[in-house]
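Each of the two complexes below includes chain A, the first together with chain B, the second together with chain C.
Moving on, here comes the complex of A and B:
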């Protein structure tokens, strides 16, 4: 990721991050992250991908100032990540929300709003808007979080991460615990955030979801970046060309394949594109709801 | 900053309430204040009933509140850091010290509410069971600071009539001053005297009571005799005999008319025993002799006691919260309990005396190794620091004075709250904030 791609106004700059965990006697025990560099600007949705234990969460914590890097440096908005000025513009959803179980969603958001120094009127308005946005308005807003399912608690965490209208949003496994509908909503939300000009750093081990929303990805394995770049560039297969057409009569497809082979193409395949399972599932849900609504209208 | 602290403060109020800690405390305190007195029996006198109600209910209630404050403080932040719940708060603009401050203030408000409820319950019990006359509160007259140095010199002259040998006069005087200011019982040999001088308020009190407590060197409360001479600005007020029959305690009313217009009241005890076989009388300068004057009613005294008793609760909550910022809850609770135990042990002279006795065991002075010396210096030093840090609280003597019907000194109570209830906690909070900041930069 270069200065040209970020337009020269980097929201997040991490250079040469390295983290070595030491034992009680300060002997090096594990190199969790080794030489990770990231740069992101407004409107970018960056995916930090990798298997479990690859160093994603460690990298995120160094970016947030929750872990001191053994080497390298981090700047958020040109500031040290632990500075109050940087943190006022930052939203964070941790991998494990771990909210206060005895607080309701409304009280949880009020607490964090207070930590951002929001005046009471703004606090009320934003709390109500965010609870609506994550689908927790109504009676759920006043039930203790301890009574919630994992998915509902995650929604509270998402609302909390957006409370201060952040310019940089860091989401660690944001769809963890959510059902397919919830996952789609989160993905739509992430796209919206990017479209609004915010910078989103998203960590996930669910590749399909990252593929749907990210503009750039960095793939971590064993603490090192093994591949990074624009998603379209990384995934493009330059040795193949695909045509997709609608309204072609049945017999013509086979004829078209023979023409391609005569032109020198090899391994020509002709098939019908498929929906993703998620899209199919959501389509079934949509149709079911529409039928139920029509029955009720009768 | 105020909004951020307020957010933590509200959470600091909600957490103990919704975890049912406050409910459990209310049940325990209700049992202590309402049920326990029904099973205790006093000596049948109004004063005894008052002492039983005020000491034997408030004492256990304060112990419960103190333990709860300490451990609730340890639990205020520590579990959130341990289970990583604090990460979301750590990446907001709120500073670690603000987190400590808000949570501590929440605990102090809960402590204040519970303490007020306890004092109110005890007050109601007293009004129901003790005649109003017996609940009248008296204040101790304040000793004239100049009289302290006079007594130091008098004792020095009685021990070294010809002066201390080898130019050790200042060292001996310093030792005597230390003993007079502390809790040491100093002997008054047959034929010798000990004096006190008190400042009289203006106008002079309408009544006054003199209370004299003593022990004899025979190791009992009896076997001593002498007299107490009371003068006001040099004018004779009373001559009170002390006889072998007195059970270590003499109480006498002083005629108010004799004190009118005077600025100071002097009392001198003369040991009337003969030198051959007569007992010395053991006295403590700070409280063997007290002059008590009327000082309002029980309600005012309970209010002053509230201020005085809130100080140690606030300090304990601060200590717990500061240690909770640095350690996990079990470690913080253990360390906090250890520190409190050290403070309680350092309150007396036992530690110093044990080192001195050890050094002179069987009349020998065994060689002290460097480790022994280091341990002794550390122990005495730490003990002195802890004792000095909590001295403002000790000086209020709130529970003792309440039980004895003596006014809790308002100035001492206010100073205790200011120094030990606010200033020292804020220092602990700064240390806790630094510890929390360090932990937040290594949050795995």
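Moving on, here comes the complex of A and C:
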């Protein structure tokens, strides 16, 4: 990814990252990541895509300074990733929520806020606001996280990742364990973060999810970047044109198809665009809730 | 600098809260309290040494169970956090690895301190239960303080009951409240006991006396220091080893520590061993209390300095080992 695409001011720069895991005798065991370079600027939502074991989480951990790269370098805001100044400006959601099971969501957020050195008043305000934002205010906020479902724990994880109002948000499989409503909320949140000018790096093996929110993607296979670029550029089929119309009377579509073929077009297809299953599901859910509310109002 | 080291407190507090809620820590504390409270009741043929036996056994229990509690907190907390990724989440925040390690150590020490506070009361009660030696023209033997024995068994039972009540009524966490009650009830029980003589007769407010032999307190503190040294060794080892090997190795170092002063008199290997392992004999000074003796404050202070220095050295090595650890 080039400097032009990030507008010159890079939040995240990774060059030639390589990670070789070694055995007890220091012999090379696995090359998890090999020559990965990334660059991201404000307002970009970058998707790190790849199948399981492709090196996404290893790359993220090297970017965070949690794993030492065997080769290559990382800069966050122009700083070393292990520097407290850089870490104070980023939020990280790990692949598994990794929470202390005996702490409640409120205590969990207070704990992480303490690590940021937040003053008590700000800590209380941020904790309350984030618990509301992830839908865990009320009684759930005071139950030990160990009692939570995977999806609820994921919400606590998301809240802790946003605690410091980060400029760079790194989300490792953010929707894992969430129901369709939760997935949609996370996608909306990621879009919102991008729109606010924050840099978001998210890893996923769910392509539809990345397609919905990412502005750019890098596809990792066996630890190497096999394709990267703006999503629109990568997915656009320059040899195809699509028309979408409403209010066309039945039968007229066939006439248009013949007209296009007469104009020299090949492989002309006429179909009706479908909703995504996610949108259909959310629509049914919204309708049911509206009916329930109307019933209750009676 | 303040931001980096300011992280020690939240890490220590969360470690302590987690530790106190571990069911195994609760069970060990409960078992230790009951065993210490019961042992003067089951002693036979003590020939006037029942109080000393109660004290020595109680302190032995405090040390062994304290080390077990430390093994389950210091030995498991960091290893488990590295394994399950909790450490990675915390260390992606502006926290230095040394601050995180020190916070883990202090949190484990806090759990050990709560344990030691509760068990010291158990030893004080056990001593009072066992203390009376009665000689008449026809017979001689121990007369136990039945009220003290009863109260020292009621305390843990009441702590369990009250914690259960708080949990049922308010959903507050059972483990934390159990320890809160187990720490708060013994001083109240001691105040109540002061109203009675050892034979159970009523003294009233005017005749109130504490009636507990507080000379064991410095000894209990020294044992807590030894447990803290164990915590430091276990915490440092878990930066590289899994819980099992780290705890086993920590036990080995502690055992060698009890033999270290003998080894120091030997050849260079013995001297090297003495230099490397903590001299546990500095902390076990129960014999000083025999025949009414006391532990000099200067010794306790020196033991504290020795423990602090040893912990600092071990934790420094732990920090070096943890600095580049892949998480």
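Annotations
In this text, the second predicted complex is superposed on the first by the 298 of 298 C-alpha atoms of A that agree within 3 Å, B and C clash if a C-alpha of one lies under 4 Å from a C-alpha of the other, contacts with A are read in each partner's own complex, and residues count from 1 in each chain.
In this section, a residue touches a chain if its C-beta (ideal position, glycine included) is under 8 Å from a C-beta of that chain, and two chains touch if they have at least 3 such contacts.
Keep in mind that what you see is a predicted model, and the values were worked out from it rather than measured.
Overlay on chain A: chain B and chain C clash in the combined arrangement.
Of the two partner chains placed by superposition, A:196 touches none, neither chain B nor chain C. Judged by the touch definition given at the top, the superposed model places A:259 against neither chain B nor chain C.
Once chain A of one complex is fitted onto chain A of the other, the partner contacts of A:125 are absent, as it touches neither chain B nor chain C. By the document's definition of touching, neither partner reaches A:283: not chain B, not chain C. Of the two partner chains placed by superposition, A:147 touches none, neither chain B nor chain C. Of the two partner chains placed by the overlay, chain B and chain C both lie in contact with A:117.
After superposing the two complexes on chain A, the stretch of chain B that clashes with chain C is 327-335, out of 183-191, 327-335 or 363-371. In the superposition on the C-alpha atoms of chain A, the part of chain A touched by chain B in one complex and by chain C in the other spans residues 61, 64, 66-68, 84-85, 87-88, 90, 92, 94, 96, 98-100, 102-103, 107, 110-112, 114-117, 157, 160, 164. Chain A contributes residues 21, 61, 64-68, 82, 84-85, 87-88, 90, 92, 94, 96-100, 102-103, 107, 110-119, 157, 160, 164 to its touches with chain B in the complex. Residue ranges of chain B in contact with chain A, taken from their complex: 3-4, 6-8, 10-11, 14-15, 18-19, 83-85, 87-95, 440-444.
Of all residues in chain A, those touching chain C in their complex are 61, 64, 66-68, 84-85, 87-88, 90, 92, 94-96, 98-100, 102-103, 107, 110-112, 114-117, 142-144, 157, 160, 164.
Interface residues of chain C facing chain A in the complex, by the touch rule stated above, are 2-4, 6-7, 9-11, 13-14, 17-18, 21-22, 84-86, 88-96, 171, 173, 175, 324, 326-327.
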